[in-house]
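The chains carry the letters A, B, C and D, assigned in the order they are written, with residues numbered from 1 in each.
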Amino acid sequence: MSGMWGNNLKISIFGESHGNSIGITIDGLKPGIELDIEKISMEMKRRSPGRNDLSTSRKESDIPEIVSGYFNGKTTGTPLCAIIKNVDTRSKDYTKTKDLMRPSHADYTGYIKYLGFNDYRGGGHFSGRITAPLVFCGAICKQILEKRGIEIGCHIKKIKNIEDSSFDFTNVCKDMLIKLRNNELPVIDTQKEEDMRRVILESKQQGDSVGGVVECCVVGIDAGIGDPFFNSVESVISHLLFSVPAVKGVEFGLGFEMANMYGSQCNDEFYYDGDTVKTKTNNNGGILGGITSGMPIIFRTAIKPTASILKEQDTINISDKTNEIMKIEGRHDPCIVQRVIPVIEAVTAIGILDLLKEKEKWSI
Amino acid sequence: MSGMWGNNLKISIFGESHGNSIGITIDGLKPGIELDIEKISMEMKRRSPGRNDLSTSRKESDIPEIVSGYFNGKTTGTPLCAIIKNVDTRSKDYTKTKDLMRPSHADYTGYIKYLGFNDYRGGGHFSGRITAPLVFCGAICKQILEKRGIEIGCHIKKIKNIEDSSFDFTNVCKDMLIKLRNNELPVIDTQKEEDMRRVILESKQQGDSVGGVVECCVVGIDAGIGDPFFNSVESVISHLLFSVPAVKGVEFGLGFEMANMYGSQCNDEFYYDGDTVKTKTNNNGGILGGITSGMPIIFRTAIKPTASILKEQDTINISDKTNEIMKIEGRHDPCIVQRVIPVIEAVTAIGILDLLKEKEKWSI
Amino acid sequence: MSGMWGNNLKISIFGESHGNSIGITIDGLKPGIELDIEKISMEMKRRSPGRNDLSTSRKESDIPEIVSGYFNGKTTGTPLCAIIKNVDTRSKDYTKTKDLMRPSHADYTGYIKYLGFNDYRGGGHFSGRITAPLVFCGAICKQILEKRGIEIGCHIKKIKNIEDSSFDFTNVCKDMLIKLRNNELPVIDTQKEEDMRRVILESKQQGDSVGGVVECCVVGIDAGIGDPFFNSVESVISHLLFSVPAVKGVEFGLGFEMANMYGSQCNDEFYYDGDTVKTKTNNNGGILGGITSGMPIIFRTAIKPTASILKEQDTINISDKTNEIMKIEGRHDPCIVQRVIPVIEAVTAIGILDLLKEKEKWSI
Amino acid sequence: MSGMWGNNLKISIFGESHGNSIGITIDGLKPGIELDIEKISMEMKRRSPGRNDLSTSRKESDIPEIVSGYFNGKTTGTPLCAIIKNVDTRSKDYTKTKDLMRPSHADYTGYIKYLGFNDYRGGGHFSGRITAPLVFCGAICKQILEKRGIEIGCHIKKIKNIEDSSFDFTNVCKDMLIKLRNNELPVIDTQKEEDMRRVILESKQQGDSVGGVVECCVVGIDAGIGDPFFNSVESVISHLLFSVPAVKGVEFGLGFEMANMYGSQCNDEFYYDGDTVKTKTNNNGGILGGITSGMPIIFRTAIKPTASILKEQDTINISDKTNEIMKIEGRHDPCIVQRVIPVIEAVTAIGILDLLKEKEKWSI
């Protein structure tokens, strides 16, 4: 079951990169939500390729058509389905290389799982393009969360060896999170932007690719959301993040760095700031025992370098069962870190809304 | 819903540290599985405290009683429930400090979520003790996996600044994984064991604690297991890992290190080794597009230092709504990394078995 | 969550009667299934209206377009989404009566649940039209089941007071089930067909409607499918049947008639017919303890008379909060029993396939 | 997966009739609910056998011990597990007949499903005894519902040919529902009680058994609960009812009788009674389009005669693969209709609470 997720807000995605269309059905949105279509389009645009020299030149029509669950500009409460037609697909590009398993891609594992019946064109269902419906859904969730005072934002913590500063874990400003969304390469220390761009373009020139780390923050969330064990905030968010292609690591708060510290350095001491409970530090990233503490949720996601590179690589021909050398042609992103950001924000918004809804069950 | 998990092997856990008992119900085990009770006991013992000076001196009766789903030494196919009675609970230790929210613990977040009605004694349902039933379940799953030639094992990659070598990602020997289970502090480079012990005991003497990183490996698993998107192997395993108390980071393959590399360094090139498809490197940790490649699954888990330390800490009194200084008394682990290992192996075994069962659905 | 169902074959439906389109996403179909599109069309046609004077004259384009999960004439194993465009919608018919709650329809309960935001046109998401995607999905499931030797068929047991004979519970012939599908009003005792037609047309002339009872049979299914308690065959099938609009009763085997009998009359005695275990009678309808016995599964479904009648009825105006008299205009079915049959067969096929997949999990 | 159910209130049952213990884990109860233990005991007693000459003389300790999720007399919000020890098991009774498949029991289907590994003693996991934990859970849910003004009650509509009057579908009094619980054979027309008793005892004397029909009512529930399609109130309740052993039919409102009527007779006309929307009749049993209308929910459940009778019956010996004659010895209920009633009420309460919680998700 690759395509469905959710306990309280259920989503069902479908589609292949070069098929007829891709889309998503969202079940659980309450009736009467007015959707800000412009904001949704803006989020779609953040993910879409072809906007500049940092990403693939493939033009995608990322305009989702809402075909159900939406009436007179408002959600109806019944399943909302949105469909995005595939256009500008150059399927011929792929047929000639269909038996060559591209390294670091899902060609081989998909071939084995689907017994060779999967749509191989452009990565098929594995394509990063399938995250577009997630961004659509996330954009709706963000609108709902914003009304509750919850804001989600990201910056690029790192592109290869170029490292940005970190969020101030104890105090992240909403305006800053919103502002970051307008940047092509969102960073806190704006001097790093140029360095990052340079590293990406250099790798592009070499026919190579680079990855990076994204730091995400959720502010304005109440304490008491989430669960110990199987629905910990970390479990829910990491589950969704690791569904995003190219994600290979997730850490909350100081994460792996905590392994280097003493408990006395690591523990976040509580104090009353007026009536509000806060912690002096926020090394745990706003989550204790799987439950939000009211402090900002902070996590970092490792994105591997784009799998598609223009250099020659050794691989196998699955049909001939021979070893071969391949060179991937076509349009590719030298770096997808900046395009993954709206996807990270989207799945985070989806996860957080699901967790918030969980809590409402205790009204009875 | 904190206590239930699973798509194909469903588990339901219950219990509090100082309540009557803790336990687990497992639904989905096929009938006729002969359980090796001794092996189960051995796994329970690996997690249990009080075995040496590295862990708390609390003695726990970790002997689970199977009360259903088990007949004449074999599983029946109906829900198997196992119960562990709580003994040696010194509940009085906790009443006096019940209003003091221990830093880095779930006292505060639990208080907010459960509106003050949760059993605060010994961490209640948040206690690491609740992982004992998971180890029980994992021990059963391991037996099933072993019959399929799948072996799961861990070593301590790091305790504070003491770092072990890594698994050879492309070739991990099953015997080595099994052998590691017998070590109190399982490491590959045995010279590091003494250093780690020293670091732990030093922190104990200082009334402090340390954390670390565990590296886990699954060998013998077929290619083609897992799903793109919402049931990627990474999603399922990370979901379960982040349900384990103290886990703050998870990375697969080279994980965060991939962010520092070029695609050309990172990509795992395929080749035929006779009839078998392998990759020259295994930087992706045996998973591509969420699906196993047949190479060893490798991941690392960051464990934060034990939250309970004997040093004075600032905190709040939730009842008086005042800032206070507290000192945690009682029996505690200066380091829980070695005790978390069997839990990591257990939830991994549970997750892998669930994914393997998923695939069987395609028989029809 | 109205629109998603399934444990092992997951479906997600969407759409409103007069919206842009309706459809379904099916997750869990194995790769490589060749779909017999003609057979699917035939099933769609059985449900579609406008075929004769017994049903509404609304013409629906019931041709589903498969937009994902289907490649080169075969399933890929990834989510298969099919979309049906809405055409011939006369939405103006409904606006003038939107505040009048049609008796026995879901207008009022939908209004309350969805706070007035639901698409009221033609019943919106409550419309029987939303069963078309279910028939599409059922047609695929039937193809899979047929390859396993499982056949599903129905006859009309009753239209108002006209009663057909029953299946021979112990021995139902597959050919008969298949043959029944071709009949406009499928009955066993063909002399009843004319009577039923007459009753339907009489009620039509009077601006009234009639209901009936459908008897369904599943033959060729192995013993040992299903579960005690929460996934009993009866639980799964009744859950799906009661999702179909107009269904108000479900009974298995002799059902309510068993309440009139002694145990000694009711019990189905076992015997060996060669190597095969059979029961002399099959009053339990092929299910014991929630699990198939290998005998034909037999159940009956009560369908209420079409809610839309042309007679004047008392009702409320929800906007004015007044009592009013209304007369429903437009195209309606005087009887939907015959059109519900392919839907009953479809959801049965979906349920049975889900249960069969469940069993496969025990391969490991 | 036989033992888990629920979307918003999740339950997990376990146990066999003659095993160590049976029980249930309930996940999703909000913290701070004070449990009326006496009321729970009373419900347990209603189901328990050995109270009079109408039921088996087996004495069961039906006292559940709550081992988790309950602290200082209140729910904690974490999983609540209750365990009932099995006592007075006469397991020897069963070993000699273990290969004889009792007609109308689950011996044969269970043998096939569980490959002969299931605990055959006393029906094992199929035993009606496993409904005791459901009654425990239902008793808690009832307490929660009562605080919302929702009351659930049943009467025996029929024992064999003795038929009670029906509820007034449009107006059922809560006090009456509560009063019915105290009757050994709860009927509306009290003159029928003696007749029913006589029929039961006569069948007992003949070594035979009888079944019946139970009519259940839920009053005080708001309009707008439930869902079209897969979570219709009928779907949820029937799913749970058909999980109860011996249930073979379920109908809502007039159910199968609607098939005999014209739409004009059947449709429930709406009217304003002051500000309240009501229907003049309630033939739909309080549910339209799967959603509550605010009118009483009414449904009837068909219970087959107890499978265990003392008369000789033909059956098979599954080990010898021969046809045999068997005579079931031991303690049995000549009629279980009256004992099923608290189970019907319990699962109804569980289903209704789950549906009510579903609606709360729309708070955000």
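Note that a residue touches a chain if its C-beta (ideal position, glycine included) is under 8 Å from a C-beta of that chain, and two chains touch if they have at least 3 such contacts.
Predicted model only: the values in this text are computed from it and were never measured.
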Co-neighbours of chain D and chain A - touch as defined: B, C
Chain pair with the higher count of C-beta pairs in contact (B-C, A-C): A-C
Furthest chain, CA centroid comparison against chain D: A
Chain centre separation (chain A, chain B; CA means) in Å: 26
For chain A paired with chain C, centre-to-centre distance based on mean C-alpha positions, whole Å: 40
Gap in Å, rounded to a whole number, between the CA centres of chain C and chain B: 46
Per-residue multi-chain contacts in chain C, two or more chains: 1-4, 13, 28, 31, 77-78, 113, 125, 228
Complex contacts: residues of chain A adjacent to chain B: 1-5, 7, 13, 101, 103-106, 108-110, 112-113, 125-126, 130, 158, 160-161, 203, 206, 208-213, 223-232, 234-236, 238-240, 242-243, 245, 247-256, 258-264, 266-272, 275, 277, 279-280, 284-285, 287-294, 300, 302-309, 311, 313-316, 321-323, 358
Residues of chain A touching chain C in the complex: 1-4, 10, 12-16, 19-23, 25, 27-28, 31-32, 65-69, 71-72, 74-81, 83, 113-119, 124-125
Contact set on chain A toward chain D in their complex: 8, 28, 30-31, 77-78, 144, 148, 228, 353, 356-357, 360-364
